[in-house]
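You will see two complexes here that share subunit A, one where it goes with subunit B and one where it goes with subunit C.
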Partner chain A sequence: MRRRWRDVPAAAALLAPSAALLGVFVVYPLARAILLGTRKCNVSGRVCKTVGWHQYVTVWRSAPFQNALGNTLRFVAMTVPIGLVLGVGLAVLADKQLRGIGVFRTIFSSTIASSVAVASLIWLVLLNPQIGLLSHLLKDAFPVVKKPGLLNDGGTAMWGVAISSIWAGLGLTFVIVTAALQSVPRELYESAFVDGAGAWRRFTNVTLPMLSPTLLFVAVVMTARAFQTYGEIDLLTGGGPNSAGRPTETIAYLIYGKSSKIRNDIGIQSATAVLLFVLLLVVSFIQFRVLERRVHYAE
Partner chain B sequence: MPSDRPDDRPALDRSSPARTVGRYVLLVVVALIVLAPVWAILMQSLKSGPDSVRHPRSLLPVDLTWDTLRHAWRAGDLGRLSWNSLVMSVLVTAGVLVTSLTAAYAFAFLHFPLRRGLFAVFLATMLVPAEVTILINKRTIESLGWKNSMVGLVVPLLATGMGTFLLRQVFLQLPQELREAASLDGLGHAKFLWEVAAPLSRPTLAALGLLTFLTTWNQYLWPQSVVDDTAHRTLQIGIAHLDNGRVDNINLVTAGTVIAALPIAVMLIAFQRHLVRGLTAGAVKG
Partner chain C sequence: MARVRLEHVTKTFGSGGGEVRAVDDVSLDIADHEFMILLGPSGCGKSTLLRMIAGLETPTSGDVFIDERRVNDVLPKERDVAMVFQSYALYPHKTVAANIEFPLKARGVGKAERAEQGRQAAAMLGLDTLLDRKPGQLSGGQRQRVALARAIVRHPAVFCMDEPLSNLDAKMRSETRAELVELHHRLNSTFVYVTHDQVEAMTMGTQVAVLSDGRLQQVGTPQEVYAAPATAFVAQFIGTPPMNVLPPGVLGGDSVRVGFRPEDARLVSPTAPDDGTTLPVTVRLVEQLGHEVLVFVDCDGARLVVRQPAGSGVPAIADPVRLSVGEGVRHHFDATTGERVG
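Up next, the complex of A and B:
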């Protein structure tokens, strides 16, 4: 009993800074946003009144939210599987003791250095219909890149954003998968080799099962990030192109975007943000539950 | 880039020379594809204005010049923006290291009521997305009178559940006798933390520090939300405004992009190993 209380003053002093900061800037905002989600404001955003908890249902069903939800899910489906496959491919390709392999590994992980803003601006230039290199290279296969431009066509704009996002995320996936590959015991490969398994069989029967916990982790992180996509949209499309509804407005962009309809309504914004939070929790939970059954954890 | 393993792979790795050549070819091709966007942007930023309009896609500048980079630096006041980003990142990194160390120490070495519950709250804060907190923090900062200030940019980012969690893991692996011996020697908590526990967790501190610096340097939504004057703008926000909406200024944007990415690229090459530790923390067992 004495031991239990003796450390209290020291603990209070050591914990005070973090506890205060996390309390004021994470816990309080969450509670506040949940409450504000029951309020609705007028056009100027100055006068708000409480409409109640059913506003969460109203917001969920509203056309802008459903549109943003659909776009977000589409974006997740575009970026996560492709990003994962490319990242694993790069890691497997570079997982070999060759002279100069360090240079290739550095190159493959280099996109870690690009921020959301840097990656977006790089692809904004490359995809520019007049001067972009990629637009030029792809103009015969995909005329849309020139007219009106990949990011200027409502049907393809999200792909432009996805390309930028996949490229920017490649480095991180590569680094994590490479580290995981290096922890796979060599003997497993050797016994598979002795058993006459070819390269592909070794990949599917040894590499993939051993990588599966890492791949689960990476998939969950990538999905959560994709769900929160904001900067790419802000810089590449602004939720537009303007002509065709809001084909690239993600949930995060619906909350914060310059041209978002709900921008002045802190009540609706809060409700949308809380719905995004719940959605993230549910999706991560399902991913762990469903995928974990197929994951092989090494002892 | 993760540490090159000693060559301990017998038999199946001694593949035929033809296969080795094939792998090299593939590696080079893929490396070129991954690097192509960066190269194209870099070259664009080394072209003069007229050159970039006349030969926008050439992968080598016709007349190589530093003018574009210099012009972007001046026009966008990138010196000031870089300084803002640097100060913000350094302060946040230092703050996160200190708050994580002290909190992790309390959770790992001290006994007090509600310890588990409080630690669970710390962990749970990792689940709350920035989209929720920024909405409210923006107003908190405004009401504190910290809008458009470095204090406003930095303070809400000074503590993380993640940092506390990582360092607590390290502390728990330190032998318990260490703490007991220290208290027999009359070493107080502050001294033990500073002179024993912190130095012993140096690799994790380095990884956490680098990761925090990187994520802070690259922040987008938060600085955009609390800063709207040019004096306190960060680099990530500033580089998008360089073209003033004109396509013939697009090489200025590429120059800004190069300037914004360069320090991180250098850091990545210089501290690869620590950074990888930070990025893979929790992802890979063993």
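Up next, the complex of A and C:
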């Protein structure tokens, strides 16, 4: 016991650098934001008064927050499953020993090098109802792309944002899943092949279980990113179209978006941000608990 | 029940300047219910040959027959073969029972029948109590048995095994050798077994095919291959320790290399009269193995080994002695081709 006490100063000294960094950049701002969430401020943000913890309840129940929460969940439900399926599909397709496969791998992973801003601008042009190539190609199958435009229709605007976001995230999913695929022992496939398993059975009995830890990781990361989507919304719709009652305003956009209603109240903004943080914490926790039971980690 | 026949099978990998000839014009006839060992050093093409029988590789030229049916273009699952891999290739996320039943599941066998046959295969290998475990909870030897059970569960005509014992420790290996022989007796299948370990070849095989550089060197029973090796390579690959092969000109003509088994030679006193069957040698190393002694000697730069029973007079290191090799125990190989000439 005495010995332990003697170690305390040394331990404290060794911990100090990381403790200081964490404290200054994580713990203090978080605590500050939680406290700010109990205050209400005027437009300049200089005059604030404490209104109490029930402001969190008020914000949660408010119409803008409920709208943004619904939009965020819808966006997550659109982007995560589709992005995951496409990423795994492309990775499996490219996981062949074929001549020139490197070209496809490069193409499939290329979106990793484009920022959200670049991706959004590409899709903004592609989906433009007047000059967009996609709008032109799809105008017969989906008239909405020309009139009023995919991003200008309240019912489809979120799909437009989701497509851009899925595309931008595909490269990362592809690279991670490809790396995981390459670590699956070839003999497992060969053994299943000799045992008479067809391509689909090999995929469900070998590929998917061996990928499951990676897929859990990718799903959690993608969900966390989708919950915090801001750039795509800002560049593609600005939370609008306004005529349809802000159908693409996500929680992150509600917190800081140019046209957000709460933009000028730092107290309510903080409360919303803290609520988003808690929401993400809960969702990630559930994902780990639920999915982990179905995940196989190799011994 | 299956006879496996390879006719002028060649397999090359790569193309142009980087072409590698893994298997070079091999013809081999494996009779029904044979325990055929494909034996050779690593890189000799034995695994590639096995994979062509299993259907994991296609021959570049030549034909593979299983029971008179040409199977070059037949998928593995239609060849009625099973394969055991060196790494066992068990599905780590499945239980032992699910692993064993997988080949039946892949063939659409019903659940109840699958479970029944899986239990039988597991019982045959003493896995009854482990059915609910995952492979990660098993020892190496147990995993190896699960891989075997998975192979026998659908009663294949041909068993292909690619060095299935090399990941086991020495004790487990010798136990499993005996079990494999027993399994071969019980099952009505043809075994094709790849190994680089000549002890496995000698103890388990009913036939041994020795390969080197993609070429077939010799086929025969273990006794035949041991007693009359067809080439100097086979002579130096089989036996522990393997045959001594002298440089050309020693004990024979310049175009002949003389070989002899370590147990067929004797060390005699340096003062013994030279009757033309002895060589002057120097003792370099003595290994006491308990029941016998291995004496390593130098002869004109060549390293030779002599096996003596324990208890007989053992010379000391650096002693000059003479090595006596009787006429009757000599093997003769052509100095250039390495082929047996008498």
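The rule we apply is simple: the second predicted complex is superposed on the first by the 272 of 299 C-alpha atoms of A that agree within 3 Å, B and C clash if a C-alpha of one lies under 4 Å from a C-alpha of the other, contacts with A are read in each partner's own complex, and residues count from 1 in each chain.
As a convention for this text, a contact is a pair of C-beta atoms (placed from the backbone, for glycine too) under 8 Å apart; a residue touches a chain by one contact, two chains touch by 3 or more.
Being a predicted model, the structure only gives us computed values, none of them experimental.
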Partner chain in contact with A:Phe193 - subunit B first, subunit C second, else both or neither: both
Touched partner set for A:Ile82, first subunit B, second subunit C, both or neither: neither
Which of subunit B and subunit C A:Pro209 touches, first, second, both or neither: second
Subunit B versus subunit C as contact partner of A:Val220, first or second or both or neither: neither
Touching partner for A:Ala273 - first (subunit B), second (subunit C), both, neither: first
Partner chain(s) touched by A:Arg201 [first = subunit B, second = subunit C, both, neither]: second
Most subunit A residues touched (candidates subunit B, subunit C): B
First (subunit B), second (subunit C), both or neither touched by A:Val184: neither
Contact residues common to both interfaces of subunit A (with subunit B and with subunit C): 190, 193, 298
In the complex with subunit B, residue positions of subunit A that touch it: 3-8, 10-12, 14-15, 17-19, 21-22, 24-30, 32-33, 36, 90, 93-94, 96-98, 101-102, 104-118, 121-126, 128, 130-133, 136, 167, 170, 172, 175-176, 178-180, 182-183, 186, 189-190, 193, 213-214, 217-218, 224, 228, 230-231, 234-235, 251-252, 255-256, 266, 269-270, 273-274, 276-277, 280-281, 298
Residues on subunit C engaged by subunit A in the complex (per definition of touch): 54-56, 76-77, 81-83, 85, 87, 89, 91-94, 102-103, 106-107, 134-136, 150, 160
Sites on subunit B touched by subunit A in the complex: 1-5, 7-13, 20, 23-24, 26-27, 30-31, 34-35, 37-38, 40-41, 44, 52-53, 56-57, 59, 98-100, 102-103, 105-106, 110-113, 115, 118, 121-122, 125, 127-137, 139-140, 155-156, 158-159, 161, 164, 189, 193, 214, 217-218, 220-221, 224-225, 236-237, 239-240, 247, 250, 253-254, 256-257, 260-261, 264-265, 267-269, 272, 275-276, 279-280, 282-286
Subunit C-touching residues of subunit A, taken from the complex the two chains share: 185, 187-188, 190-198, 201, 205-206, 209-210, 212, 296, 298-299
